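Please go over the structures that come below.
You will see two complexes here that share chain A, one where it goes with chain B and one where it goes with chain C.
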Partner chain A sequence: MQLKKIKVQMSLATCTLLQVASPGVQAAEVDWDVETSTLYYSESDGRVSAFEPAIYAGKDLEDGGRLDVRLVIDVLTGASPNGAHASTVAQTFTTPSGNNTYTVQPGDTPLDDTFLDTRVSFGADWTIELDRLSRLTLGTNVSKEYDYLALGLSAAYARDLNNRNTTLTASFGFNNDTIEPEGGIPTALTPMVTQGSVANRQGSSDDKTISDVLFGITQIVSRNTIVQLNYSFGQTDGYQNDAFKVLTVIDANGLPSTTGFFDTANTGNRAYVYENRPDSRQRNNLYFKTAHHLQEDVINFSYRYYWDNWDIKSHTFDLKYRYQMEESYLQPHIRYYKQDAAEFYTHNLSVGNDVDATTGAVSRQFASNDYRLAESETVTVGLKYGLPIGDTSEFSVRGEFIRQTVNDGSVLDNEQTPDLDAIVLQLSYSLIW
Partner chain B sequence: MNDVKLKKSTDGWHGSFAAMASPCEVLMEVDDESLAEQILKIVSDEAKRIEQKFSRYRDDNVIFRINHASGKAILVDEETARLIDFGENLYHISDGLFDITSGILRKAWRFDGSDNIPKRAVVKKLVKRVGWDKVSWKKGVLSMKPEMEIDLGGIGKEYAVDRSIQLVQQITDHSVLINFGGDLATTSENRRQGYWSVGRLVTGKGNTKNDAVAMFRLSRGAIATSGDAHRYLLKEGVRYSHVLNPKTGWPVPNTAHTVSVAAPTCIEAGMMSTLAMLQGDKAIEFLKLQAVEHWID
Partner chain C sequence: MRLILICLMAVVLSSCASMGVEPWERDLLAKDSMQLVPNFLDNFYDEHIYFSKEASSGGQGVGGGGCGCN
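Take a look at the complex of A and B:
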């Protein structure tokens, strides 16, 4: 027998023998377990940066229930792609408020740098032990930022079967989100206009509802292995456009149109029209996860298959290996994500094909050049280091590198959606209070 | 068999009886004599029940049935299954150093302070009959080769202490200390002092005359001790401890004389001290790594 830490395994084996809850569970009955973390996320080329402090606290209640609360603050700065693509000519855009313009140099991807927001989100879950083998969790969530309000409610029921080796879960969630963008809701598929012209607007705010149901099974396969399988179905209804995103309208030369309806100097219309997405989306997720304990190390693997009625299909593979050292641990992480494009994703619209040269009418019902709806691949590699401090607290630091590659299809080299590189750095400290 | 004795002490009541080849005592911070009687009866009944059920020296229990199954599969009751499960867990946790099939090695080794070292061939033959990995154990059904045996003696006394603690906790909040031959635990903190004063035998290099008792305080949880300074063999200046490595059949070299460990339960304390003994000269290193309170001689 090599020298190794066996205290936890011994304690678990003893609890099973004596048929008592593990001491960790008992200790938590009177204490809050608190986790504080600060996450820094930064995209390359001066795009989005996020600074995200968060605090989570949970407490086991005397009646067998549990209370969990969380508070997350996101401070976002930087610039985000406005949907138009890079061109060989300089491009000028009107800001969402209609009060300013910004110009993008030839070859650069148009970014709207007025992007700055702070989001505050608060949530609470209350778990009630219904009987020895079943639990009900009621949750609520409120998230508010400058132009967005999200309100959510959820309920989840879990039941243990088969000597607690199997857990069945069913949950339902409902969210209502309201967006009130700067300058109002752009009329879909109408052009951005010059500063001072009357903007095409369809009201000041809009909303959407999101409903989700989930069925899951968790199975303890052996002393060392646990597997989980979930299926969820979600329905989103209402306004799902990104109010700030446009598409470039190109002419026969592949340049932003400057004639007819889009003769900016005469009509006030710029060669960019606001995107439009269907107002109904049905989402499906099939999720498989397994955790396997080796002698001391732990392997976590998960796979998700997602598909929706916008024709997006995606695969996510995620692998973490927790390498236990004497006191501390190292956890390398690798994630691979691949998605197909939404059926209405298009790199641009062209005069004559999609857009009438004189009326500006768009013949497509739906169109978006949001890179998040494009065919893409994302690879994430990361490393986490955790260091227990005493018996009741742990410090961890996590770093990740993310690269997203968008496949626009057959477009000119200088119009392509650029790769996105980002880093994540997170410091966490958890303790039992 | 009425060896159960109850007498008044300064703290309350002091009960004693003999079970599992050990002196057993129950210290109760209780004024009421009938409650003290009730507690003592619960503890002594439980100790004797466990001894009867799991002793390998009897011919009327589950251990006898298993060891005399002649290769047939035996279905055991739920409590026995939990103990065997625990033995299996410990086998894996200890990488095979703790093995409930190793009791058979005692046929070759008699630790009486003499120089009776067994012949290598005898040990070699016995080792072939040891090894949890050769046992089929699934869903409460055990089967093994006819020449193999299992022995829960390495767990039984500590298990009896913890079980007794659980039973006493069901009937009273008063603080009770249970001590079965040096493996001890408390039900709760002693109200008068906050701790129980406990004596622990420490020895002078196996010399009986230099035995001494060190006192220490136990406020909650359990302490168990492994090792016995008087059980060894001595030949040509080499001291053979009674701690046998089940893989080789030979004593672990350079073991500590005694190791005591404090833990939340007596079982954890007992297993930690047993595994520390099995580490030989790495016992201190092992115990430090586990971050458990320990005393070693």
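Take a look at the complex of A and C:
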């Protein structure tokens, strides 16, 4: 009995000394933990570039709770694939506003280069200590860009068990997103028209709701190993098309159709129709993560299996190895991702099969050639160098190389899939303030 | 199905009860590098980049910023 009492007292004393709260929770500090960072992201072939400064700050509150806030500014420029595929002939497109055109040379992947946007995102989480072993975190998020507004709320309940070696988590999130694209919302599966013609539009804006629930368990396995397992389910309802994406309508020769309904000179209709996706999506994630401490180094590994009712399944493996040097550390990183195609993903639509030559009516209910819905693989390799400065701050620099390969069995001869190479450069400075 | 899930949950929780450490053995676990998300902004950036380029997202948590990029 006496031994047990001493053990409990030692537990409390050690907990206080180490300021350890529970698995998955940062060591407590009475000051602000601040992270500042700037990220530069650049894709090959003149596609998207992004400059993204961000700041995060968190503070333990006197009542046992915690406050976390973050602010991100995202400046984007460049070009994005518009969904039409490369052809052996030059292709002319009307810009989303309907006021201009751009022409793509034979063999080139059509890119819309009118892409320019600035996004500001702010989020805050307030953690309330309900009792010695349970916490409630309430969160909010606002993100605004030129044509898009996202508003979100979240709540997460965490409960410690087994002498704080186990934490159970239940989380709920709700988002409402509104898009108001330049030129309005395109009417799905209708053609892009020539500059100055009456565009096929169904209003100026549309929205969607995103509801997520997550159940998780975090477990301390040993003095040097912690694991986490999450299952999450998400329901998205509403407008989920990409308002700027089209599909090419090809003729029997594999070229953009130029006759009948798509005789552009006479009808004003170009051989490209706006995509259409289901307005309901159910997403599932099974996510496993572990951190393991070696003699000095740390391995951080995660695996995610994703599946949804659009028939997309994916596997994501992520491995970081933190190599501890005398003062600083190096952290190589490798990530591998592979996904299947959405059931309605298609390389093109063809006259006679999918599209009526006279009326332009599309027989498919849903169709998209967005490369992000295609079968694809992404490989990322990176390296981070971190240098602590004194006891309270750290400088780090991170570089990553990303290669995304799209596997589309329907590409035409001499056509390139919209594969992607990108680099990431990030500079960070964190401090306790 | 529900019964299987309940049984599975019971097995997981009872297994968890036999794992773990004493409070004075948490020295390594308390290090920043041993947190499941050791760098908030690194993770935030990565989530955002892959959200905009891939069809899958989520798994680590709920909420967060929506974006017109996908």
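Here is the rule we go by: the second predicted complex is superposed on the first by the 400 of 433 C-alpha atoms of A that agree within 3 Å, B and C clash if a C-alpha of one lies under 4 Å from a C-alpha of the other, contacts with A are read in each partner's own complex, and residues count from 1 in each chain.
By definition in this document, a contact is a pair of C-beta atoms (placed from the backbone, for glycine too) under 8 Å apart; a residue touches a chain by one contact, two chains touch by 3 or more.
Everything quoted here is computed from the prediction, not taken from an experiment.
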item	value
First (chain B), second (chain C), both or neither touched by A:Asn175	second
Per-residue touch tally on chain A - higher for chain B or for chain C	C
Partner chain in contact with A:Glu326 - chain B first, chain C second, else both or neither	first
Partner chain in contact with A:Glu145 - chain B first, chain C second, else both or neither	second
Partner chain in contact with A:Val362 - chain B first, chain C second, else both or neither	neither
Contacts of A:Val249 with chain B and chain C, given as first, second, both or neither	neither
Set of chain A residues, in rising order, touched by both chain B and chain C	7, 10-11, 14, 18-20, 23, 223
Residue numbers on chain C that touch chain A, as the complex places them	12-13, 16-17, 19-36, 38-42, 44-45, 48-50, 53-70
Residue numbers on chain A that touch chain C, as the complex places them	7, 10-12, 14-15, 18-20, 23-24, 26-27, 35, 37, 39, 41, 52, 54, 56, 58, 70, 72, 74, 76, 117, 119, 121, 123, 139, 141, 143, 145, 147-148, 150-154, 156, 161-166, 171-175, 177, 179, 210, 212-214, 217-224, 226, 228, 230, 232, 234, 242, 283, 285-287, 289, 291, 293, 298, 300, 304, 306, 308, 310, 312, 314, 316, 322, 329, 337, 339, 342, 372-373, 376, 378, 384, 396, 398, 402, 404, 420, 424, 426, 428, 430
Chain B residues within the chain A interface of the complex	82-83, 85-86, 89-90, 93-97, 159, 162-163, 166, 264-265, 267-268, 271-272, 275, 278-279, 282, 285-286, 289-292
For the chain A and chain B complex, residues of the former touching the latter	1-7, 9-11, 13-14, 16-20, 23, 223, 326
